[in-house]
Amino acid sequence: MTDDLIWDVKKDRVLRELKKGKRLDGREKKEEREIEITPNYIDRAEGSAMVKLGDTRVVAGVKIGTGTPYPDSPEEGTLMTSIELSPVSSPGFETGPPREKTVELSRVIDRGIRESEMVDMEELCIEPGEKVYNVFIDIFPLDHDGNLIDASAIAAVNALKNTKLPVYDKEEEKLNREEHAGPLPTQDTPVAKTFSKLGDEVVLDPQIDEEKAQDARLTIYVNKKDNVCASQKGGTGAFKREEINKLIEEAVEKAPETRKKIEENS
Amino acid sequence: MTDDLIWDVKKDRVLRELKKGKRLDGREKKEEREIEITPNYIDRAEGSAMVKLGDTRVVAGVKIGTGTPYPDSPEEGTLMTSIELSPVSSPGFETGPPREKTVELSRVIDRGIRESEMVDMEELCIEPGEKVYNVFIDIFPLDHDGNLIDASAIAAVNALKNTKLPVYDKEEEKLNREEHAGPLPTQDTPVAKTFSKLGDEVVLDPQIDEEKAQDARLTIYVNKKDNVCASQKGGTGAFKREEINKLIEEAVEKAPETRKKIEENS
Amino acid sequence: MTDDLIWDVKKDRVLRELKKGKRLDGREKKEEREIEITPNYIDRAEGSAMVKLGDTRVVAGVKIGTGTPYPDSPEEGTLMTSIELSPVSSPGFETGPPREKTVELSRVIDRGIRESEMVDMEELCIEPGEKVYNVFIDIFPLDHDGNLIDASAIAAVNALKNTKLPVYDKEEEKLNREEHAGPLPTQDTPVAKTFSKLGDEVVLDPQIDEEKAQDARLTIYVNKKDNVCASQKGGTGAFKREEINKLIEEAVEKAPETRKKIEENS
Amino acid sequence: MAKKTKKLMKKGKRLDGRKPDEIRPIKIKAGYTKRADGSAYLEWGGNKVAASVHGPRTCYPQHERSPYKARIKYKYKLAPFSVDERTHPAPSRRDKEISKVSAEALEEVVFTQYFPETTIDIYTTILQAAAGTRVAALSAASVALADAGIPMKDLVTACAAGKIEGKVVLDLDQDEDQMGQADLPIAYIPHSDEITLMQMDGDLTTEEYKEALDLAVDGCMQVYEEQKNALKDKYKHLEEDNTGKNTEEDKK
Amino acid sequence: MAKKTKKLMKKGKRLDGRKPDEIRPIKIKAGYTKRADGSAYLEWGGNKVAASVHGPRTCYPQHERSPYKARIKYKYKLAPFSVDERTHPAPSRRDKEISKVSAEALEEVVFTQYFPETTIDIYTTILQAAAGTRVAALSAASVALADAGIPMKDLVTACAAGKIEGKVVLDLDQDEDQMGQADLPIAYIPHSDEITLMQMDGDLTTEEYKEALDLAVDGCMQVYEEQKNALKDKYKHLEEDNTGKNTEEDKK
Amino acid sequence: MAKKTKKLMKKGKRLDGRKPDEIRPIKIKAGYTKRADGSAYLEWGGNKVAASVHGPRTCYPQHERSPYKARIKYKYKLAPFSVDERTHPAPSRRDKEISKVSAEALEEVVFTQYFPETTIDIYTTILQAAAGTRVAALSAASVALADAGIPMKDLVTACAAGKIEGKVVLDLDQDEDQMGQADLPIAYIPHSDEITLMQMDGDLTTEEYKEALDLAVDGCMQVYEEQKNALKDKYKHLEEDNTGKNTEEDKK
């Protein structure tokens, strides 16, 4: 209750300032916060990254396992992306099984990775129909100051790019994590750009106060060909078609810089 | 609360009319509502039926899978019956894991199918001890106007009778749903008859208002030999022995007509 | 609420009497209640025991299954200890998935069995890397009058000592429970001693009123070499180092008598 | 019903020597568990069952409370070690169904209207299972309710009849249950001659069904005697205790 | 998007004969379920969907209640038999995501402020799935809301566009969905020309994206007509019924 | 304790060069997470731990509230990527046990009676695990509590001792933990010289146990210094900030 009241007050302030053309933290409407990437942050993971996007901080870790392939793709490995919205990063999150909100985030982040065909799934086949590599991408936010999607996407993609595949020991029928068979085969670097709509205003890379005040959200995932490989609208508000068309162009324009940053830090 | 009050009022009305020898919808006490069966309602299921029993409407779908047999019956397929009491069909139902009420319904419907030995489980063995067919019967009520048990039993039995077994491709180790190996082998057509006891009165095929007002419920499942193959008393009330004996006779008397209807529509 | 009030009153009484050097049931501070062991209480279990510790009553049953070994110990069987705090034994327990309290008890009882290396896990290997025996120890309290840990440990250890391993039929690939391959190979008899601290007083083998009133709890598990093989402090209070040192000595002193009792009744 | 085969009757008697209308040996103790408001322990054939009652006590969650009466809640459970293959700790579909029909079987006799806003919680656990566990649990639960001092019109008593080798018999044992042709467990109120639980699996003609139902009621009456004896025994102990204590007062 | 290959277009037409900007046959019935406050049944291509609305009704659990408005809750579910491999009864991650974005897609048009402290519960089930299930369910749900008499600014209507063989087309069918290069489902408010749901998978240039979005809006307008017809049909029946019943009164 | 073998000590030193009574390098930062009321980040040997505190805040569910004091809730969790085999996201039995004893280890020092009806929620996550995670998490949690301004009698500090190759040593590392003969983690209140958490696995004589306990307390005192430094560091920053801002005022 009290919490709701505080947010209403903040929301008013966010909107008042935006109307004057300002964001609370002084950024331009389409200006993003600074990105810091620390690759290989977790030694025990096969790949990992710590990403700071302003004060938002996220760790992504990649673990490799093995299992049987899905019946309809017997020659491909599998990939699963999960985010855990732990109360470590925000007082508003709760422990327990993943809710709709968490599932949506996981699936949006996953979608860009999957649809850009970033990971060459056929290279993850050990024995057709019998044994393939499983790639688990787990994202753990440490501080939620807004725009978990873009920060998580950077972390996940960077972690995949520094992932080393452990050797599968066919004799022992298990992974030998002491040795690797080379890097995880990747062939793209998808980048997510998320916009918040508040009243008639749209901002890029929303800070938490903006995110809480937003009417709607739009995420555009861009692949290395400058094409859109995934998108997702969220929130109870609506977008005009012209708005969407414009935001796609902006996302496509902004993505390459972030892609470069991810690739330089891999 | 309000809901409870409304039901109390309805219950009074149901009982008042029954005392006068009438049911709210004008039926005789042992008169059933009309049955309409639409077999093969769901193309993507291996077997299916839509059943209307008055305004109660139920869909049953049969899916075939494969798996390892149970250790104590290595040469038999498996069969599982589930009903989902979705809020689609009634404001009183809730989403979530199945509660006692849902489980009871599933198991009562299952019991008649199983105990009549309607499906020849040994014919469902693909390779003894290794691979058998799994038969999943799923029942989904679309409108709950009373007596889900009988309507569901008709739908489930009809769906089984029009089920086609997909070919198991031993090379690929999976089902080929484009081709079938023939119909599911069935050898009986069990029929459930459910009675509601309200005060001293007993009615067949209760409408929802009667069901809500009932003290106790009795279901008698009859096989093609005119024998009882399953029964279940429900509700907090009690039955006299004479009542039970009479209801068994009535169920056995009424079953053949329903059986004929099921068989004609298969 | 009412319940809490009653416990507060009882707690005062327990402490008042303890200050005078008395326990409510007349025992000395370090005096244990009488132990009664009925081995082989459950015919259908591979091993079992009913244990009474004063009015606390516990049944432990051992079931044997088979499965694949853990990848990191391909030549060892597995062992799992679970306690179910069923409302059968106390009005304060609830049904549902195990909570922290239940999990702690299970793990404490398990730890002494595991760390004493009581069961020779390598003898439970049927085929290295492929098939091993699984030992399930399930503990079911029937009456909770305090100190479930010690009573459960006695029951679990006694049940293990009278467990018979069923023959694994390699042809049929399943257990033949009609024949046994001999007793479960055991090589120790660990004993748990649990102390309650109330104010500045410490008592051994707390009765339920003492347990409810306690500030902290200390369990010391002693193996046949008179060494400590596991310990666990519980409760929100604290222990002084000198207290702990003294309680360890007392546990080591008291354990052999209980061990003898367990062994005599196996 | 299942397929194994083995001769189950010889010269009109069953493998364990029982006559067709005889129940297995039964032993009931009322007041077994100190920490319960009421309790019972029952051994019947190879079955071992513990039942505890807590309440009437405040009903949680709140939305389940009734302003008119006590709720009857009943949990039936197989202990993990009670059968050949260890059971999973979570309640099975079978457990849930039995719990529901057993709760319903008891409600008719309890004066629930005396305890609005409360719940009467009944927990039964099968420590060892040997066919007929649901009727064993229910018979124990009924004694536990009486032991808790819950006002009831009568005890509910429960027993099963079945069919083996074409013949209707009482109280199937493990082998008979596995190889038999029908099983008909019921719960019964002797006082009013009413059935409050009835399930059936197998294949029975109308006549066989009636015969089995009558036989099951006969079985219930045999169990009923044991239930009453268990309660008398407990009462006797209490009486003796009282007698001992109150000698002086009694003389007045 | 996936890998199977098969020629999907011939001479500018699709395998089922449709033109690129044509939707599959669609049939909607309002007021399908007696026990719901509002309901609809929809068949669209091979999809079969049932949608029911209960409410506005008191919102539980209490902490989800808003003093300012009704909550919109939406459940999307695949029936176990709706697809090739039987689905597990618990909601999948996909079900949960679709439920969330669908609830959000409807909120914009509902006058939720009229019903504080309540919830409007929308349940949709896919009885048979054939690509485009989420837009089918949402289109049915919108009709069910109107059928329930919930005041709304407009119907929400939904349709998907996609890309097959390098060409942007409307309303992918099962084969096109499996072998296509992109899928872009949207929900749309005709009245205000606004998008309330938009997801996208695949690979689209900026220009293709815009083209697909426009095409999807065209598809929505086709669905919108069917939604309105369904509601008119129901209203017509009611009118006829009334006419029948009220003949005498009408004459006065 | 487990079976792998490898020489763990050479010439009185351990493989990583530590002496028997030395802890691994430790680094603590207070106030790591902006969105928490209190927080800490800790690296200790190969362990990386984040701890956040929210509260005191209203306690839910309501039936857990105490009119006398704040509840202390503690969650210990291994991040899925913190160990070799990815962990399942649901809390394991081990997680639950550690959470329980850790909550109990902290309660003694917190003035919970100042905050009736509330909960103080402590969340700790092991981002990277390298033996001794529970004492690392607890040491971080204690700093996070202080950082949240929760009034406490003292910091709780935690460390483990163990036995390798027959010798009692402090703070086992990963290899020592896997090949050692005993592990004895404790939590300790320096101010009152009291133990609030103690668990033990392995095989220790009475004398070894006492020795290990004393050594673990020594380790705790080393950790305690780092905990206090972390808090001083944060305070220093604040002070500097204040000095900067308040120059004018300070001159008055």
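The first chain written gets the first letter, and so on, giving A, B, C, D, E and F; residue counts start at 1 in each chain.
To be clear about the criterion, a residue touches a chain if its C-beta (ideal position, glycine included) is under 8 Å from a C-beta of that chain, and two chains touch if they have at least 3 such contacts.
Computed from a predicted structure; not experimentally measured.
With centres defined by CA atoms alone, the chain at the far end from chain E is C. Greatest Cα centroid separation from chain A: this falls to D.
Between the Cα centres of chain C and chain E there is a gap of 58 Å.
One simple way to say how far apart two chains are is to compare their mean CA positions; for chain B and chain D this gives 28 Å. Look at where the CA atoms of chain B average out and do the same for chain C: the two points lie 47 Å apart. The residues of chain D never reach two or more other chains; the list is empty.
For chain C, residues touching at least two other chains, in rising order: 98. Chain contact summary for the complex, chain E toward chain A: residues 1, 93-94, 96-97, 99-101, 104, 107-108, 184, 189, 192-206, 209-210, 213-214, 217.
Interface residues of chain F facing chain A in the complex, by the touch rule stated above, are 32-37, 46, 48, 50-52, 54, 57, 75, 77, 79-86, 89-91, 121, 123-125, 127-130.
On the side of chain C, the complex with chain D involves touching residues 41-45, 48, 55, 57, 59, 61-63, 65, 82, 84, 86-91, 95, 97-98, 136, 138, 140, 142-145, 177, 208. Contact residues on chain A toward chain E in their complex (touch as defined above): 98-101, 103-104, 106-107, 111, 115, 218, 223, 225-241, 244-245, 248-249, 252.
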